[in-house]
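First chain A sits with chain B, and in the next complex the same chain sits with chain C.
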Partner chain A sequence: MTDRQSPVDNFVLRNFRLIRTIVVILLGWFLAALVILAISRDRGTTLRSFFLGPLSSRVLIGSLFETMTPLVFTGLALAIQFQAKQFNLGAEGCFFIGATVGTAFAISTRMPTALHIVCTIAVGAAAGAAWNWLPGYLKAKYGSSELVCSLMLNYVALYLGLYLINYHFRDTAANEMTSYRLPTTATLPRILPGTRLHIGFLIALAVAVLFWVFLYRTKWGYQIRMVGSNINFAKANGINTGRVIVLAQVIGGAVAGLGGIIQIMGIDQRFLYESLPGFGFDGIVVTRIALNNPLLVIPSALFLAYLKVGGSYMNLMGDVPAELVNVVEGVIILLISSEALLETWRYRIMMRKASER
Partner chain B sequence: METEDVILEVQSITKVYTTGVVANRDVSFSVERGSIHAIVGENGAGKTTLMNVLFGLERAQGGRLLLNGKEMEVSTPEEAIRLGIGMVHQHFMLAPDLTVAENVVLGHEPRRGLLLDHSRAVQVTEEISAQHGLHVPANAKVKDLPVGVRQRVEILKALFRKADLLILDEPTAVLTPQETDDLFVTLRRLKTNGITIIFISHKLKEVKAIADRVTVMREGRVVVTRTAAGMSEHEMAHLMVGRDISFDRLPAGNAGDSVLSVRHLSVTSADGVPLLNDITLDVHSGEILGIAGVDGNGQSELVSVLAGLSQPSSGNVSLLGSDLTAMSIRDRHKAGLAYVPEDRLRDGVAASSSIEDNLIVDRYDTPPYSGAVLMNYPYIHDKAREYISSLSIAVQDSRASIESLSGGNIQKVVLARELSSKPKVLLVDQPSRGVDVGSMETVHGLIREQRDAGLAILLVSADLDEVLRLASRILVFYGGQITAEFQDVSNLQPSDLGPYMLGAKRQEATV
Partner chain C sequence: MNAILKSILSLGFVAALLRVTTPILLAAIGGAISTMAGSKNLALEGIMLVAAFVGVIVSAFTHSVWLAVILGVAAGVAVASILAWCALKLNANIFIAAIALNMLASGVTVFLLSIIAHDKSYSSSLQSLVIPDWNIPLIRDIPIVGKILSGHNIMVYLAFAAVALYSVLIYHTPLGLRIRAVGQNPDAAASVGVSVFKTKFIAIVLSGVLASLGGLYLSMGYVSWFGRDMTSGRGFIAAAAVALGVATPLGTMGASLLFGVVMAISIYMSSLQFPAELIQVWPYVATIAALVVFSVRDERAARKKTGRDVVGSSGSRQ
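Moving on, here comes the complex of A and B:
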């Protein structure tokens, strides 16, 4: 009998963190359903629009992938830094800086299409990288907290970016506060007719795969993982830990900046944010759900995008506000962070295995 | 056995940690009132866990404890103390800046108004100390006292809290042979005063010398409980390990030329205290140079300077003529220095990473382990499997995280990595700390093999038996200096080293 149970037990033990994450996601959805059932007057429509809405039309499916794209970028940005145990929460600021500096570059230069796209993307990424270099450097050199430093820098990024756009690239003909349109040579091609889904989505998927290879298959990825796993060990074996700490944050900053400029080039085609858009903070949820694994960032970002699109569709069709999504997000983060969740279950399996010996 | 003779009855205690380690499995035995009851077992046999359960530091999942015939529930140390159980931990729990008397009464202070009644504290301390023959300077600060005296303060602390069952967790691990003798005098005196003592150890000689009854544990289970008189040391060892173990000393090999030479090495702490004072030594090929000494007498500073983790204030280190002193850790490694650190979970491995990733940390960036960019994981995987099977490490998957291995197996992984780099000098710090006897044999066997193959080995260990067993030559450290050198160790006894370890004696320089 024990022979029959063992494979399942082993599977559970080996994939415990993943299983726990899936349970948490289901719990989050279940909670959303409960809230809807409790407060909605038109339960059927509201439930249907929240849970099935994102799949109900081509436009909404396009919107799902559109929403997912920036989440993949910021999720990856945080994943690589968390892998190095650097709790840098500056993805928000890097996203913003990448978007503003990239916009400024695109508007002020004239180039043929392909080159303009590539250069603009590179500038956005470089801006994000440079922005995130500072907390990394301060951590490596002086041991200052990258968490505090990067969070503070988010506000510096916000006001610096707004200054740049408002004083130098503001479209005075527009009624709202927005930049000039990006030249068409610097906008990303759309890939699904009738939607705003753009090629940046494919870039996001490619970057996720690239990140996985980088982290798990290259020498630098190895260094990042060792520094994250045990910095004393890395140091005692001659890994230049200061350089790795800076590297992880520079790469993280670059991919967040990349996300920022791609969002502008692909969706809005002009800069119209007036406050921090929040993708950097959503990235924390994404990478936590993905267990900091770049490949899992893809389904994780899809899940969050699904919640968001479902939420706004429900806002439109049903009678429950989209803010429900924030509640679900918060609950999921709390549950994922609670180490004790399902621990008794794992414990019981271990006890059973132990007594078999 | 009459029940009133039994002070403590342990019934079917089972304790499993969340990591899946079964520390105690159906453990049962009883302790007679007024006796010295030894619990022996290898590291990891579950002795300390059991005591933590008794003292309310850990909760068992099954079984019960009967104190004086009544079932007791201890979930905190406070409750254990209230029930009359005292514990002296391996690492002392004392406030170093307070005086002995203040430490003894800490938490139960006699007061005058809102203030500590200092003279009363001193008086109480001296009363208990006279009653049990535990001599301590009541007004001295704990940080100024030697280890043996600090231990007495710990015992006094427990007695002040009216303990009649005293648990000593490996009390002799930090003591010199002479201090151990003093402790035993104290314990016998406590026994005649009616105090029951549980004495945890893996040093069988000591157990034979002091205990009335012995419980032998192996892999979390009780193997047997018997009178100490009815069991020979050899028999105890056999029961502990489950097979015969040789405790014979290693015959000295053929030492060759000097490989590692250390000249006038000094290390001074940030506040100007000399930690290592003008150390000069050579390690020759084919020899194991053992460094003996009580922990904290400069050994760890020596190791850390040699490994490149810290810089000396003066002096230099060279390996086969090339100067290591200013070299980076990586370059030292390339020059032929291998290092097995004392705290392997802190410096030796990345616990949450895979066994594979831990095996390649010193070579991940060189071919064939990696190319210009990519790592060669198929090759790494094959190599890892090779090491795992050659060292009989009990694991199926080299991609499992290393924290799922036992201490002994982790040590084997570290050794496999360090030795496979074909070093010229091996620096081993506390090779069998936290390692069970079975793995210790493997580890010692590996070290011996390397010595016979001509490696120069520097062994630092606080375990005197280990130094005596392995070393071809011994240096004794005290206060950051070498106080003695023994060229011939074959007939050396621990007591011969004791006075030098305590700084009571020192040899005249013989160069």
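Moving on, here comes the complex of A and C:
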């Protein structure tokens, strides 16, 4: 039997999920353009600032990579948990706890530069890991919903974190609610002059590669993926599923906490959040677009960062609020999660292929 | 400590308890209906937010409370319908779809708030209305009892009426029977001719109606303005109340009241010299504690029944 099938059909079938994702992203952009066209009074400027703004200057390109950095971390946190089919949405709280506990540690210790940076990062990651252990443990031991538990823990993290900073590390000389400055020994070096782009960006890329290796090239990674694809099969094959469930969530919590403390050490150099910053929920968009693949998290985070930087630039230059980006994000997750979307198209190609045979 | 006890035993505390419980109870009864049909609705948060927003905007521009309530509910139902369509027709994971809708609700409301009220945090520049209180004739004249029972916002009465209505619906009507059948065993229900899609869709839409009422109460009764992300997790607390009350009418009401008590106490304690953050955290900690207690109980019951560990089969328990 010779291969008479059209190469286009084969390509579509093989990369169906990727193509569907790209279609959804384009739809999201299209929707943004429609909204801008509908409500803006200065359409040219607003459209241009939203779609091309992020590339218009060196500072903005720097801020593109700055914005992308925390998104890579929270995207990875959710990717590893979604790979194990754990719907833990606690990355938000882990990010916050990593940032607050890390800040507290950095301010209250004195060390030489390199050691201080390494220790602070380690404390942030450990705090995130410990924070995410509880939903994992409860799920593994009692089968209780990690989803509700982690969502509640996000609020607990918010209030406990704020308490820690406001009552013990608050800079009373400053006008706003903010912590003391981090000692210079615990701040991350900047890597692009004139911007706030810091070495955390490179750490994020390295962690993404590490995660890929871990998930696809190690025994533990294999077990996580197996638990995700079929937990009963994994169990029948002698995998300690409870331990894998906890492991996936602890690692996810660690990388989210890492993102939190690196954001503080690299960008603000003091803790100044007064509410949950939302990076954990952005991570859901990132990992959904990346199809839960750690390497694809990098371009996916870049895409979301592009939207965000474009959104705030548009807010500044044009007349449409930056929250348009949140709307687009929601629509993108909704459409990507709708698995049956475009399914009839795929089905038609499959039928055509079958009849050609 | 004495001061706290004294205030808990006061009439003011009862009023405060009813005020904080109402939005949670309305949303929780909604969540209970869809949970009974086997589709947990975690978009309660977003539905409440959208309804709260639409209520404020419509009442500010039309000066009609009732039009605001109707359109607020319509908007919440629209969100619920999107959830139902994505989950039931487009095969989306219902939790992820719900989280997406919550994000969407948060984004859309702030986006429109900033366009309409030129403020990204509060709607205070708009003159919005509130849903009136109800002074019950005769009962209001009874000493003490009248003060406890009468004079609350109409939504407070509606919330408790919803518990009774839900009980009637679920145990005494054909639709209720279908909802329970679909929730317990969709295949068996389908085999006797019940449309699983239609039944679940109706249940999710009903949950949208009730959650919308809860949201409307927040912005048009509890306070008289809309604030960015003003639901602050109440939809999730409602979802936890459903889990705690195993979706039964009385159980769900009891769990909602329990969360209400915790919230009301935390409001009272904030007048004392105590860090506000450590008080605000209470309801969420209570939710987690309740979740733990009931998971342990369920797991013990399941283990007794089957004699084996439940983790493997717990995928469906989500």
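To be clear about the criterion, the second predicted complex is superposed on the first by the 352 of 357 C-alpha atoms of A that agree within 3 Å, B and C clash if a C-alpha of one lies under 4 Å from a C-alpha of the other, contacts with A are read in each partner's own complex, and residues count from 1 in each chain.
What we mean here is this: a contact is a pair of C-beta atoms (placed from the backbone, for glycine too) under 8 Å apart; a residue touches a chain by one contact, two chains touch by 3 or more.
Since the structure is predicted, the reported quantities are computational estimates derived from the model, not experimental observations.
J.: Are chain B and chain C a fit on chain A, or do they clash, once the structures share the same frame?
T.: Fit - chain B and chain C, as placed by superposing on chain A, sit side by side.
J.: Per the contact definition in the header, classify A:Pro321: touching chain B only (first), chain C only (second), both, or neither.
T.: second
J.: Looking at the overlay, what does A:Tyr142 touch: chain B (first), chain C (second), both, or neither?
T.: second
J.: Return first, second, both or neither, reflecting whether A:Lys219 touches chain B, chain C, both chains, or no partner chain.
T.: The first partner, chain B, only.
J.: For A:Val246, is the partner it touches chain B (first), chain C (second), both, or none of the two (neither)?
T.: In the superposed model, A:Val246 contacts neither chain B nor chain C.
J.: In the overlaid three-chain picture, which partner chain does A:Leu76 touch, first (chain B) or second (chain C), both, or neither?
T.: neither
J.: After the superposition, just quote the angle formed at chain A by chain B and chain C, using C-alpha centres and rounding to the nearest 10°.
T.: Nearest-10 rounding gives 70 degrees.
J.: Could you look at A:Ile121 and tell me whether it touches chain B, chain C, both or neither (first, second, both, neither)?
T.: So A:Ile121 meets neither chain B nor chain C here.
J.: Using the touch definition from the top, say if A:Ala104 reaches chain B (first), chain C (second), both or neither.
T.: Neither partner.
J.: As a test of reading the superposition: which chain, chain B or chain C, is in touch with more residues of chain A?
T.: Residues of chain A touched, chain B against chain C: more for C.
J.: Using the superposition on chain A described above, determine whether A:Asn237 touches chain B (first), chain C (second), both, or neither.
T.: A:Asn237: touches chain B, not chain C.
J.: On the combined arrangement from the superposition, state the nearest Cα-Cα distance between chain B and chain C in Å.
T.: 5
J.: On chain A, which stretch or stretches are contacted by chain B in one complex as well as by chain C in the other?
T.: Touching chain B in the first complex and chain C in the second, residues 232, 235, 343 of chain A appear in both lists.
J.: Show which residues of chain A lie in contact with chain C when the two form their complex.
T.: Within the complex, chain A touches chain C at residues 39, 85, 87, 89, 134, 138-145, 147-149, 151-153, 155-156, 159-160, 162-163, 166-167, 231-232, 235, 241-242, 245, 281, 284, 288, 321, 323-327, 329-331, 333-334, 337-341, 343.
J.: Write out the stretch or stretches of chain C touching chain A in their complex.
T.: Per the stated touch rule, the residues are 42, 82, 86, 89-93, 95-97, 99-101, 103-108, 110-111, 114-115, 120, 232-233, 236-237, 239-240, 243, 275, 277-278, 280-281, 284-285, 287-288, 291-292, 294-296, 298-299, 302, 310-315, 317-318.
J.: If you look only at chain A, which of its residues touch chain B in the complex?
T.: 13, 213, 217-219, 222, 225-226, 229-230, 232-239, 343, 346-347, 350-351, 353-354, 357
J.: For a test of understanding, state which residues of chain B touch chain A in their complex under the given definition.
T.: For chain B paired with chain A, touching residues are 16, 18, 20, 22, 61, 307, 309, 328-330, 333, 339, 341, 346-353, 357, 360-362, 364-365, 370, 373-375, 377.
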